[in-house]
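Below, each structure is written out as structure tokens.
You will see chain A twice below: alongside chain B first, and alongside chain C after that.
Up next, the complex of A and B:
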């Protein structure tokens, strides 16, 4: 290393007035918003992030394909609603249509793929590329960070889940000859979709983010989510089937630990439908599943916050 | 107001004491925080930012306590970490704008400040490219830009020249110096390279193994007789003899000869002697009394490199 650099002043700095093009550094005197605004900004960034906006096309592929596939059956039914309506009118047979209460039950695996792909996207990148210290030295606490991320994923999921419900609703209304009467008929059936979508969104967002936050590597986080969902579905089912022959009366209580089955049970409660024996076995009520779902969301949110509280920065 | 004050600041990592009863009082300026790797520089910076809590003792930044007033401190500081902190698949402008908004700047102001700050750090058209395609030098500039974008009063830079080539390093140091002197922003530069601190800082803090080694304005270290260093490929010993014979104070330092530059006539003497002895001259260079000389006595094994 040599003696001090004699050329250590720039032209703009050395001439007192600067050049007419260079206004020089100006201090910022304007408004500074607080922590709520910082959280909102992070929430918006996260929401864009989940859908791949502001990032390359490849980042948009997974979320849009999965969301598209999830909505596809409902959109198809909407597109062919007039054909279906004609057939019903001519043959007098009731068509076997997709239903609000069973839609998630039929296509839940696409939603699971979505969280497996996008939850790690949202939180692992910040850990992997060590962006977190930049947040935590700004008006952004650790809990605020965790809640913003949760909000982003839950909102993205809510939209994804709601789109097919809306498509079903529009399709069902268009099938009826009297549109206004049809809206009145369909609306009470369709409205539970909103709390249903919200419940699924919060539960799955909390679960997937809590697991993702433990690894900076997206692949490990994705495997973690898949492993958790599969194991927690399979183990209670296995113990229950053993327990039935062994006469263990308590064994069906384990179904309360299942992530997806519990949600399906909870939806039955929200839509006021009986539990589908194809999916849900045992003597538990739909209300119990609803309680289990809400409790699991609470537990995972707590885990997520605990994790960020302890995260070294 | 003092930039920072600490009293018996201690940070324990289990068995390792990163900071050991550190007492500091530093006024604003461009402060060099120097120490070997692991001396506790980053730990001190992280405590001042409120990223990690001190184990015991107190610390304050601009009169704000690091534990009680963390949120107030964060409004007035900018932090450039030592490690990479940039996502590769994001456009630089978008990233810096996002960070400005997290600091509380409204949307339009965040955009304007981003453009201004990126121009200031010397990124022009490249700022619309993804960060993953940047060179190390450009990444360091983006890191500096995100620390500056919300116009902080204090800038904490942890090893800002890490991984840069000599040209990139000089540019970064120039940038830091301008930020400190022209904008009136107090800058704390942590580095294990004394030469850098010497180039840009007005005040020096040296820590070693969690203890304060030195704390003084940089002029204290450098106000000495200027020294002329003459490097020759061979015959340094003969050069010393000939110069001493002409009445100069000279001593040999490896392949170099250090001469106390008492008058300008000495340049002529050096020229004449080198020509007379027909020595293979490599360079003639003026040096200030250098920090490393002072550290050589104070911390013989501290691992500070020039």
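Up next, the complex of A and C:
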């Protein structure tokens, strides 16, 4: 009677993990997909979450309305491209069109609103309902979790930012009589929008996730992101305005800390355009803004990882 | 009159919900920013009313501090109870719903005024009062703008938070898109903008040197009053028919 059931003991004895609590249940013998696959799964889940797929219609409303509003002007221009082309041909004056390099500058507040609404969705729920330990006890580590979330939001933002660029490109090509020549003309102007969209996406995703990872409540995360973005825009401008009369030569360097203005400056570098004096003042070059944007993305990714490494789970 | 006796208790609970330890610290930090900037202006020798009004009052206190603080408190007054599920206990008490709404609104408005008005008063005291009698009036006008703005934002988003769980995000959208972008493009929005109500109300005391005040003081007070009363009435109506949220978030 004391002979143990061979089916229960033999797999347990060979596998180190199950030797203590082995109750004799059947073991998983399938393929283990490992850490990279877990990250991929979380990335896909996060991407669906940002857009509200797999969730009720109310969750889809905010991302789709905002993405639609952001793309709307470009799509409008695409829809009316033939009308615009005709008018240019008949009146001879160049139409006042939306341009690749100034599109983000014109409609950035919708992108800001998008991260405010969606970044807390990604990271706050997991903290609030205390499911993080369930992730961290699996092959998914803390850093992997943070990176997957960052990847999801950055990819979602990249799509959001790229759609109007594509619409502008198609519209501009259709406006010209010779399509192939037009593609050749337009492509060099349009191509910088891919690195531009990638840069904006990574910077804003890192910023918003780093801030929202500090609070389990969506409301406070959202307020935190808005407060950070708006204040870091307003404070350097205010100090610069006193600095000009007070003779503080260093005061325009503070613009490097701004989240949106730096990105706008960096886009000027990517598109090879002069800095827009309406948005950017001071003596800084476009290259400095590009460096500042990349550096701020790095800092926020580091903050995000630090936060997840220290998070009580 | 027994029901009114519940007001202080509801207000006390609301204040405790709205003022957690860490987030209060952050909000206080946020509201000291205008004061710090005012100090920087003072150090640089800039004590003109106009420059202060544009650079600090308009761009930071009015555009960022007031909406953020007031929307947060307004949507949080009921939002926190709904999120935590404690609204059940509140609704189960034999207290008229208008008393619940009034005491929540009053306490949220009070702390919003305390933070925004206090910060504005202090900043104005540092920068504008040295400019003489006009400076004192300008400071009072700015504090009045904060009071009117706090009352409007809190009432509106308190009502909205009873309809949707995402009142705060809608509020931020209102602040960024409506007040920020659209009101620059479409001047007609002035009649439907809390920012304009606040700035208009301030003209009752002093004509702040801001280029875009579009409403007269009477209109502004009237519209702000209508907004507050209507929002609180709708909130009461909604609370009488309130259905406890289900499991779907």
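Keep in mind that, in the parts below, the second predicted complex is superposed on the first by the 285 of 313 C-alpha atoms of A that agree within 3 Å, B and C clash if a C-alpha of one lies under 4 Å from a C-alpha of the other, contacts with A are read in each partner's own complex, and residues count from 1 in each chain.
Please note the rule applied: contacts are C-beta pairs under 8 Å (C-beta built on N, C-alpha and C of every residue); 3 or more make two chains touch, one makes a residue touch a chain.
Only a predicted model underlies this, so the values are computations on that prediction, with no experimental measurement involved.
Undergrad: One more residue to check, A:45. First (chain B), second (chain C), both or neither?
TA: first
Undergrad: When the two structures are overlaid on chain A, which partner does A:157 contact: first (chain B), second (chain C), both, or neither?
TA: It touches nothing on chain B or chain C.
Undergrad: Using the superposition on chain A described above, determine whether A:56 touches chain B (first), chain C (second), both, or neither.
TA: Both chain B and chain C are touched by A:56.
Undergrad: Figure out whether A:112 sits in contact with chain B (first) or chain C (second), or with both, or with neither.
TA: Only chain C; A:112 stays clear of chain B.
Undergrad: Name the contact category of A:197: first (chain B only), second (chain C only), both, or neither.
TA: In the superposition, A:197 contacts neither chain B nor chain C.
Undergrad: With the two structures laid over each other on chain A, which partner does A:242 touch: chain B (first), chain C (second), both, or neither?
TA: In the superposition, A:242 touches chain C alone.
Undergrad: Once chain A of both complexes is superposed, is A:173 in touch with chain B (first), chain C (second), both, or neither?
TA: neither
Undergrad: Please tell me which partner, chain B or chain C, touches more residues of chain A.
TA: B
Undergrad: In the superposed view, which residues of chain A touch chain B and also chain C?
TA: 56, 125
Undergrad: Give the list of chain B residues in touch with chain A in this complex.
TA: 46, 49-52, 71, 74-75, 77, 79, 81, 83-91, 94, 98-99, 101-106, 109, 113, 116, 120, 130, 146, 150-151, 170, 173-174, 177-179, 181-183, 193, 195-196, 198-200, 285-288, 306
Undergrad: Can you tell me which positions in chain A touch chain C when the two form their complex?
TA: 56, 58, 62, 109-110, 112-113, 116-117, 125, 215, 217-220, 222-224, 226-227, 230-231, 234-235, 237-239, 241-243, 245-246, 248
Undergrad: Taking the touch rule as given, give the residues of chain C at its contact with chain A in the complex, in rising order.
TA: Its residues touching chain A are 23, 26, 30, 33, 37, 40-41, 44-46, 51, 55-56, 59-60, 63-64, 68, 71-72, 75-76, 79, 83, 166, 168-169, 172-173, 175-177, 180-181, 248-249.
Undergrad: For the complex, which residues does chain A have touching chain B?
TA: Those in contact with chain B are residues 1-5, 8-10, 13, 24-28, 30-35, 37-38, 41-42, 45, 54-56, 59, 125-126, 129-131, 133-140, 313.
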